[in-house]
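Listed below are the structures to be examined.
Both complexes below contain chain A, partnered by chain B and then by chain C.
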Partner chain A sequence: MRQAFEFVRRHRVAAVIAFLMVFPLLMPYHALAINILLFGLFAVGFNLLFGYTGLLSFGHAAFLGVGSYLTGIAMVHGGWPWWAAVVLGVACAGVAGLAIGFLAIRTRGIYFSMVTLALGQIVYYAFYKAERWTGGENGLRGIQVPAVEIGGLRLDFLNPVTKYYVILAFVALALWFVSRILASPFGAVIEAVRENDRRAAACGYDVARTKLLVFVLSALICGLAGALRALHLSIVPIDSLHYLLSGQAVMMCLLGGMGTFFGPFVGAGVFLTLEDVVTVFTKHWMAVVGGVFMFFVLFFPSGIWGTLVKRMERVR
Partner chain B sequence: MSAVPILEVENVSKRFGNFVALNNVSTRFEAGKLSAIIGPNGAGKSTFFNVVSGAFPPSAGTLKFQGRDITGTAQHEFARIGIAKSFQITTVFKQLSAHENVRVAAQMRSARYQLLTPRAKLTALSDRAHELLARVGLASLHDRTAADLAHGQQRALEVAMALASEPTLLLMDEPTAGMSPEETKVMMDLIVQLAAERSVIIVEHKMKLVMGICERLLVLHHGEFLAEGTPDEIRANTEVRRVYLGQG
Partner chain C sequence: MEITPSLLALQLVTGIALGAVYALLAIGLSLIFGMLTVVNFAHGAFFMVGAFIGLYFMGLTGNFWFSLVLTPLVVGALGLVTERFLVRPLYGRGIDYPLLLTFGLSWVLIEAMRVMFGIEGLPSSTPPELRGAVDLGIGFFPKYRLFLIFATAVVVLALWLFLEKTRYGLIVRAGSRDGEICKVLGIDIARVWLVVFGIGTAIAGLSGVLAAPTRAVNPEMGIHVLAESFVVTVVGGMGSLPGAVLAGLLVGIVFSLTSLFAPDLAELSIFVLMAVVLLLRPQGFFGKQGLMS
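Then we have the complex of A and B:
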């Protein structure tokens, strides 16, 4: 058991991809599996900033939304091919991250959270008002990806199984990227900044620049989740920018275990599965999910995966 | 006549609102020496330390490191040009292992913004961290989480981290604060060893501690230098005895 656990930790990217390969078989239907994939990636991107750098942003829906909208706008209004639109969506999320991060990192603690929340709301209203481009309240409709062509291979994107695996390919790439960053010297600097920014500065690290760089990386990952979500849903609902989603990212991270590699994914999975199951019985699913969330915060503050990691480390 | 001083402080003042913590102080520190700033509580020692170590810029005056003006330079630049420090209140990365604490500090010279190289492959840095831990007597505790180390061990860890940036000037703010007599002795011995290889400036409240080991002492009182000289000269100075020793 312990060896298996150590193996998983050492080969974390391979392990998570292997799991996600068989994941659709475990889920009742594919749309839920895809949703978990997308929000898992969103939470992983968020966790880079929250769990590893110690900065609690309440505006991360902005990056998911910008990724979605720009991908959609490029396809619907610009007639761009899907892959170019995804690149644009991710790049714009990165630019949004640079702008919001630049302003937000001047503050700390609760002020950081409030500034990101406020800036996220500004993005929400900007897209809400730009009805001609974004469809306003109705969302952006008409994003069509009938098929994905990769090296002469034509994949039917309308088939949910195929769609899942195409999206998984992108998610896998992003997870590999995040894992590499965390294992790099820069990954160590990120954690140093979280632990003690005065000491990090005294060690010769530019704290502001480090925070900004993580902020942009985090926005890029969340933007990719958004861009893929636009392809998946075929529309971009205005809710994509709503602060409720920013809050959900926080909940997913805490539920699964902030500052761990798998935690956010586990959190996203539990959160969305709960939502899916509970809505069958009652529309007040948030009350149930909220209860579960409180239970974990009170009794397992390290989250589901985080608690498991701690248990295993104690055995060693 | 002599070489360029390691650190020059020229007409430096520091005000917090109406309160003058440092009032137009000037001095110079020669390279390769062990010097100490002493003074009673509230004399401005910590302010002096913070100004010369880059925590905040002076309100007025100039700071020169090896002849180069570094007034107003950002904190992280200090480590890069060769000025390292240990804080009065122990400041380490608590949730990281002792080894990782030193390794992060050591990588600053070579791998500041490497995003995609696995740090496990940079074995030279890891070895260097082990060496430094051994130097401060923490070799056997390398995989211990910093938060789980005893107070004196955390202080030693902080010294190893300061050394990791390969400083030419090491600044220490009350390096033995809160230590037991045994721990204090070990730390003072370490400081003497370190001073053999680089310039060291300690800020210390307890005068007795530094009398025996320092080549030069400066006495701060009400934000101004009251006296400076060798330990013997300071001991003989009646003014110093009045404001400092007289208070017990």
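Then we have the complex of A and C:
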């Protein structure tokens, strides 16, 4: 048991991908599986900042939303091919991350959360009012991806199973990227900043630049999640930019276990499955999810995966 | 539309009335933060609960003044329970946890109001005594909005007297300076924190009752209000009461003047104001340098 656990932790990217390969078979329907995949990626990007760097942002919906909208706008208004639109969406999310991050890292602690929330709302209102380009309150409609062509291979994007695996390919790439960052010396600096930023500064690391770089990387990952979500939904709802969605990333991250590699996916899975199950019985799912979240904050702050890791380490 | 000086002046007064509500909200937030270093993410939800309970009491008794007194007490009691059973176990565990918890709480409160009053919200009405408009010399202005400014002034004055002139206020101020020393001096600081959290949420509830006749009352009304009150607190300086009042009024005025000249940019303007303040003075108007930034 313990050896298996260690094996999974050592080959974390392969383990996640292997699990996600068989994941659709375990879920009742594919839309939920795709949703978990996308929100899992969103939470992974968020976790890079919150879990590993210790910065609690409430503005990450802005990056998901910018990724979605720019991908959608490029395809609907610009007629771009899907892959170029995704690249544009991710790049713009990165630029948004640079702008918001530049202002937000001037503050610390709880202030940071408030400021990122408010700055994220700027993006929300800007897209809300730019109705000509974004569709305003109704969201952006008419993103059409009938098929995805990769190197002569034509994949039917309307088939949910194919769609799942195409999106998984991108998610796998992003996970490998995140894993590489965390395993690198830079990853160690990130965690040093979280543990004690003054000592990190005394060791000669530029704390502000490290924070900003992580912020941008995190925005890029969230932007990718957004871009893929635009392809998946074929519309971009205006709620994609709202801070309540940032709050969902926060909740998923904590439910699964912040600062752990698998946590965000576990959290996204639990959150969305819970939402899905509860809505069968009552439309007031937010109360149940909010209650469960409060329970975790009070009694299991390390989250599901984090608690498991702690227990395993104690056994050893 | 021609912009005349009197129109501008009227819009300015409208801004002050709007800013009065912002100021009240920010005072509640700042009070709790200054004392407990907790950012109450459920502040908007308490505001929303205040609006609902206020309308409920008004419907029950037909008396606005009765509801104006009773609602803050009920919302304050809700705050007391929140602090005692939900926030208190989290002290000493890192500043992010109370924030996360109150965010979860806001979801529960939103749904609770949906269950109790329906998802559509309630129709709000101005109390009969305060209907109509008065001539300010620059034009006619709604009586109720003048009352809003007046009520806020009363609350601010009362709070100031409480903090500066009473013995308990002295303890509160001492506690926000150094809780540890207060404990050594034999003050039950946990009880002071409880009371302060209660007062903060009561003020949020009060601003909800006061704001109800001027906007749509629905379970989601607190969501945007929370973001806006964060803007006010950041601009004014976290934990500073004069900062909260000044920034509240400024944000209200900026909002209402922008909606005169460029209605589409009104919501955006206050967030841009915050970004500018962050660039030039990260700690806000009255915030202590180095405390948070």
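Everything that follows uses one rule, which is that the second predicted complex is superposed on the first by the 316 of 316 C-alpha atoms of A that agree within 3 Å, B and C clash if a C-alpha of one lies under 4 Å from a C-alpha of the other, contacts with A are read in each partner's own complex, and residues count from 1 in each chain.
Here, a contact is a pair of C-beta atoms (placed from the backbone, for glycine too) under 8 Å apart; a residue touches a chain by one contact, two chains touch by 3 or more.
Remember, predicted model here, so these are calculated numbers, not experimental data.
J.: Of the two partner chains, chain B (first) and chain C (second), which one does A:103 touch, if any: first, second, both, or neither?
T.: It touches chain C, and chain B stays clear.
J.: Once the structures are superposed on A, label A:247 by its partner contacts, choosing first (chain B), second (chain C), both or neither.
T.: second
J.: I'd like to know which partner A:10 touches here: chain B for first, chain C for second, both or neither.
T.: It touches nothing on chain B or chain C.
J.: Applying the document's definition of touch, where does A:314 land relative to chain B and chain C: first, second, both, or neither?
T.: neither
J.: Counting only touches as set out at the top, which of chain B and chain C does A:132 meet: first, second, both, neither?
T.: neither
J.: Counting residues of chain A in contact, which comes out ahead: chain B or chain C?
T.: Of chain B and chain C, the partner in contact with more residues of chain A is C.
J.: Write out the stretch or stretches of chain A touching chain B in their complex.
T.: 180-181, 183-189, 191-192, 195-196, 198-207, 213
J.: In the complex formed with chain C, which residues of chain A make contact?
T.: Residue positions touching the partner: 56, 103, 106-111, 113-115, 117-119, 121-122, 125-126, 128-129, 243-244, 247, 250-251, 254, 284, 286-287, 289-291, 293-294, 297-298, 301.
J.: Which residues of chain C touch chain A once you look at their complex with the stated criterion?
T.: 33, 37, 39, 86, 89-90, 93, 95-97, 99-101, 103-108, 110-112, 114-115, 223, 227, 230-231, 233-234, 238, 264-265, 267-268, 271-272, 274-275, 278-279, 282, 292-293
J.: What residues of chain B sit close enough to touch chain A in their complex?
T.: That would be residues 53, 55, 74-80, 84-85, 87, 91-96, 100, 103-105, 107-108, 111-120, 122, 161-162, 164-165 of chain B.
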